[in-house]
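Chain IDs A, B and C follow the sequence of writing; residue 1 opens each chain.
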Amino acid sequence: MADLSSGPGTPVAAVKRTRRLWGSESSVSALPWLAPALALIVGVVIFPAGYMIYNSFRAISKSGVDRGWAGWDNYASMLDIGALGRVLINTAAWVTVVVAVTLVISIALALFLNQRFPGRTAVRLALIVPWAASVVMTSTVFVYGLNRYYGIINQALVDVGLLSEPAGFLETAVPAFASAVAVAIFVSIPFTTFVVLAGLQTIPAETVEAAHIDGAGRVSTFWKIVLPMLRPAIAVATIVNIINVFNSLPILYAMTDPIPGYDADTTTTLMFKIIQRERELDVASAISVLNFVIVLAVIVVYLRVTRPMREV
Amino acid sequence: MKHQPKLAVLAAATSILLAACSPGAPTTSGGGTAEGTELQLLVPQYSDATRGLWEGLIADFEAQNSDITVALQVESWDNINNVVRTQVQGDQAPDILNLDSFATFANDGLLYAADEVVSAETLADFQDSFKENASLDGTQSGLPLIASARALFYNEDLLAEAGVSGPPTTWDEVLDAATKVSALGGGTYGYGMALGSEEAQAETSVWVLGGGGSWAEGGEITANTPANVEAVEFMQTMIEDGATEPNPGSQDRSPLMNVFIQGKIGMIIGLPPTVGEIEEQNPDLNYGIAAIPTKDGSPFTLGVADHLMAFNNDDGAKREAITKFLDFFYARDNYATFVTTEHFLPVTKSAADVFSDDPQLSVFVDLLPGAEFYPFTNAAWQDTQASIQTLIGQIDQGKDPQEILDEVQAAADAVE
Amino acid sequence: MTAAIDRAQALGRSTKRDATRRGERRWLLTAVGVVIAAIFLAPYVVMLIGALKPRLEILAVPPDYLPQNWRFDNFVTMWQTVETPLPFNLVSSLVISIFGTALTLVVALPAAYYTARQRFRLRLPFLLLVLVTQMLQPTVLAAGLFREFTQVGLADTWLSMILVNAAFNLSFAIWIMHTFFSSVPRELEEAAWLDGCGRLGSLRRVMLPLVWPGIVTTIIFIFIACWNEFAASLVLLSTDTNQPLTVALTKFFGQYDTSWQYVFSMSLVAIVPVVLLFALIERHLVSGLTAGGVKA
């Protein structure tokens, strides 16, 4: 079937008419379409963002009073944090594992939910529950359930025979971190699955059937036809997941906060601990800026490498 | 753009309508008119009785003072510091705040001095030991609100079963008793050591101060003195000998207390509200309260005080209203109601007798005169406390106590 | 017989044997679906059981699975707790989420459509600006937001949170709708243009039905994001009757004890509106199947 998206190969006459609908225009006539979005972004986001960057160069007292220019001191203090190396490694592991595993499982689930079978709606409804519940609430249940003493999940694992006695899942850095990764994957799957599912449903059934008639097996149909057409949806899901997981606070905070040291922290939880415990807003602002720069870099690299949208 | 504007206008109109109609129109501080003054009161949540208590007090106050209204905001302990700090950053500090530490606000010159916002009688009513802890450089800017002392709660049945004769009074006795109770097995542990970040400084201070060490001498933080190191080493010994529950470094006090109340822990440090908790959750628990064991057996308790503080917004415009409210609050009957409902210890002389007929709380009251406090009037204490909370739990992983305390000292020294 | 079947299959018509196999296969899929649903619902079943226990049983060491004293009244008493006015919190969450979602869509759709179709010089910078704002989450910007809204006099109002939610969710809406708009062939719009529609007409008549799955996903995502927002709500909304469910939940965490039964019951109640919303629009995800096809 011919590729019908715009680009080379479209009949000339159609191109000419389309151009009259969408002639090349100056950026000014873009304004009515973009103005509300720009207004919201500039009005609501830019000011606080600027304030955060501004704060990272100021000395702020523990009660929140601005005490004057601090130059690069906050950034220096941040680099002085001994655990920073470990924290950066944790952050990389956190984002990579959660996003990758979520994506793989979600694509499988989306393919599954694209099929018709009795009870499909019920399964879709069940899948939306972890997404509907706030991450704080879900983390709270796991913190409660994995507690060594009164945790019901722990008890269940013992009763089923997987454990001989309740385990301290959240008591040391590595198991707690692993548990948090599992929970993060758990809460990220629903959203990712639905984005991929929406993408699947814009793939015309005829295309897939044509491949079958041409003799392609199901697996190669998937790899050669379906997956490439899913690229935009996967790209969106990946980018949003990278950003959300990177900035994710509640899961790690709920599950690793009592643990001493910084061995289970990512840059976001480190920043939060510095606000909560040391009450150093200025250093925390510097870490936020660092966070932002890292996410920005990651996304830019991702976009460059994968070029998921030829149109863009 | 034909149907777009209609939708947009509809949305805008509804939003404006909402802004006007949302309950609780924006309350800005500095709402002082000729007719009335509004005070912003921000308090943390001690228990589920807290909100009701304050609302009752406010209702009575407003009935007696028709020209003053008090807007109450209650936040959980986890959130209140963020909320207050954001408000201060945005020049919207509350008028009256209930919090543990006031030193940072006082250092920034944000507070009224105590004698500016309470009458002379009220000021004289505070117990002297608390007044000292509420002063910074000789000026008192914190108003002691409630006090708490720590004591050793012990499970009489478990101790008897383990063959321990009575509650321990020295460190050696604690180690001995706790090891024996842990040896009973079956998920029972001898001593519940709570070194999770929630309140690690309290548990650590129990041992450090009880061993004759101290956190500050003469205005300087002294975290890594030999006496302190010895105390932390003893804590590590307790953990390594199996006298405590596993992984104490990540156990917060509140969940651990629950385990004690269910009868699975032999000994734990508790506070006055614990008495009420036990009564509510497991009244059949056979327990006793004793003084905290010290290295040499001499009496000691850790004192904790929370404070009220008044912010000087608007150059003293609301001072009179604030004074009226605070005097009302500290009046004997009002204050006594507050203190007894929340199960805390009174800080005023007039209300000192409020627990005289309660045998268990009397134990705490008797311990209070000998209490040692955190040096929270020291500007570096906040950082010291934070680094204790973050680092001390690592002793359960075998990290060297001297190293940990050196890091704490470094954090304190870094504060200029 | 076999030849007949082969011919039928080649023509795309189903045979009776196919139908049986398909039927069996469908029930196998259902079985797998049940397992999947159970996995994703498990923590919330734990929550439900916890909500039906009295506080003391929740923290029992070791725990029992089922309550010994069933406390259905937890779901009744939670509406009148001292800690927080739950009916107001629920209304607050609903208002902020509904209007936040609506505002996001109204602003995002034109922008996404225009950037998908029109090449103009600032197109890429605009899209990147939008993406960058996604990376800034309200958590780190809470203090700045508080300052800003206080200065324009909108602190402690629902409108402030509606604007905040719309602004921070704009980027997701624009990006995903951009993707969906881009994947629709221009020829279809062209057909509408031949019928005399302008850009808006073609947007409404041609594009929207085709990208409906994307819109539905966007609605769900943004509603949930607004519904579960916490950090900015905490600092911008100080009166308890203005606070949404996420903030109200924290009031049950006392200094020394936590009312777990209310934490769980409120969390469950908070899930209901979202699931309801999803149940209402879910079939539009399905109808995308037929709308998304392009006849050869």
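We take it that a residue touches a chain if its C-beta (ideal position, glycine included) is under 8 Å from a C-beta of that chain, and two chains touch if they have at least 3 such contacts.
As the structure is a computational prediction, the values presented were derived from the model and not from experiment.
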Worksheet item: B-C or A-C: which has the larger count of contacting C-beta pairs?
Response: A-C
Worksheet item: Counting only C-alpha atoms to place each centre, which chain is farthest from subunit C?
Response: B
Worksheet, complete the sentence: CA centroids of subunit A and subunit B: separation to the nearest Å works out as 37
Worksheet item: Hey, how far is the Cα centre of subunit B from the one of subunit C, in Å?
Response: 39
Fill in: subunit A and subunit C, separation of their C-alpha mean positions in angstrom
15
Worksheet, complete the sentence: subunit C residues touching 2+ other chains are 59-62, 106, 110, 142-143, 147
Worksheet, complete the sentence: subunit B touches at least 2 other chains through residues 1, 8, 82, 85-87, 89, 187, 255, 258-259, 264
Practice prompt. Note the residues in subunit A that touch 2 or more other chains, in rising order.
Written response: 32, 36, 64, 149-150, 281
Discussion item. With touch defined as at the start, can you tell me which subunit C residues reach subunit A in the complex?
Written reply: 12, 25-27, 29-30, 32-34, 36-38, 40-41, 43-44, 46-47, 49-50, 58-63, 65, 106-108, 110-111, 113-124, 126-127, 129-137, 139-145, 147-148, 163-164, 166-168, 170, 172, 174-176, 179-180, 182-183, 185-187, 189-190, 193-194, 199, 202, 210-211, 213-214, 216-217, 220-221, 224, 227-228, 230, 246, 249, 260, 263-264, 267, 270-271, 274-275, 278-279, 282-283, 285-286, 288-289, 292-296
Worksheet item: In their shared complex, at which residues does subunit A touch subunit B?
Response: 32, 36, 60-66, 147-150, 165, 168, 170-172, 176, 257-262, 273, 275-279, 281
Discussion item. Applying the document's contact rule, which stretches of subunit C touch subunit B when the two form their complex?
Written reply: 56, 59-62, 81-83, 88, 95, 99, 102-103, 106, 110, 142-143, 146-147, 150, 153-159, 162, 200, 204, 234-235, 238-242, 250-259
Response to the item:
The residues of subunit B that touch subunit A in their complex are 1, 8, 81-82, 84-89, 104-105, 107-108, 110, 187, 195-198, 200, 246-247, 249-252, 255, 258-259, 264, 382-383, 386-387, 389-394, 397
Discussion item. Which stretch or stretches of subunit B touch subunit C in the complex?
Written reply: 1-4, 7-8, 11, 14-16, 18-19, 22-28, 44-52, 71, 73-79, 82-83, 85-87, 89-92, 187, 254-255, 257-259, 262, 264, 271, 273-274, 277, 280-282
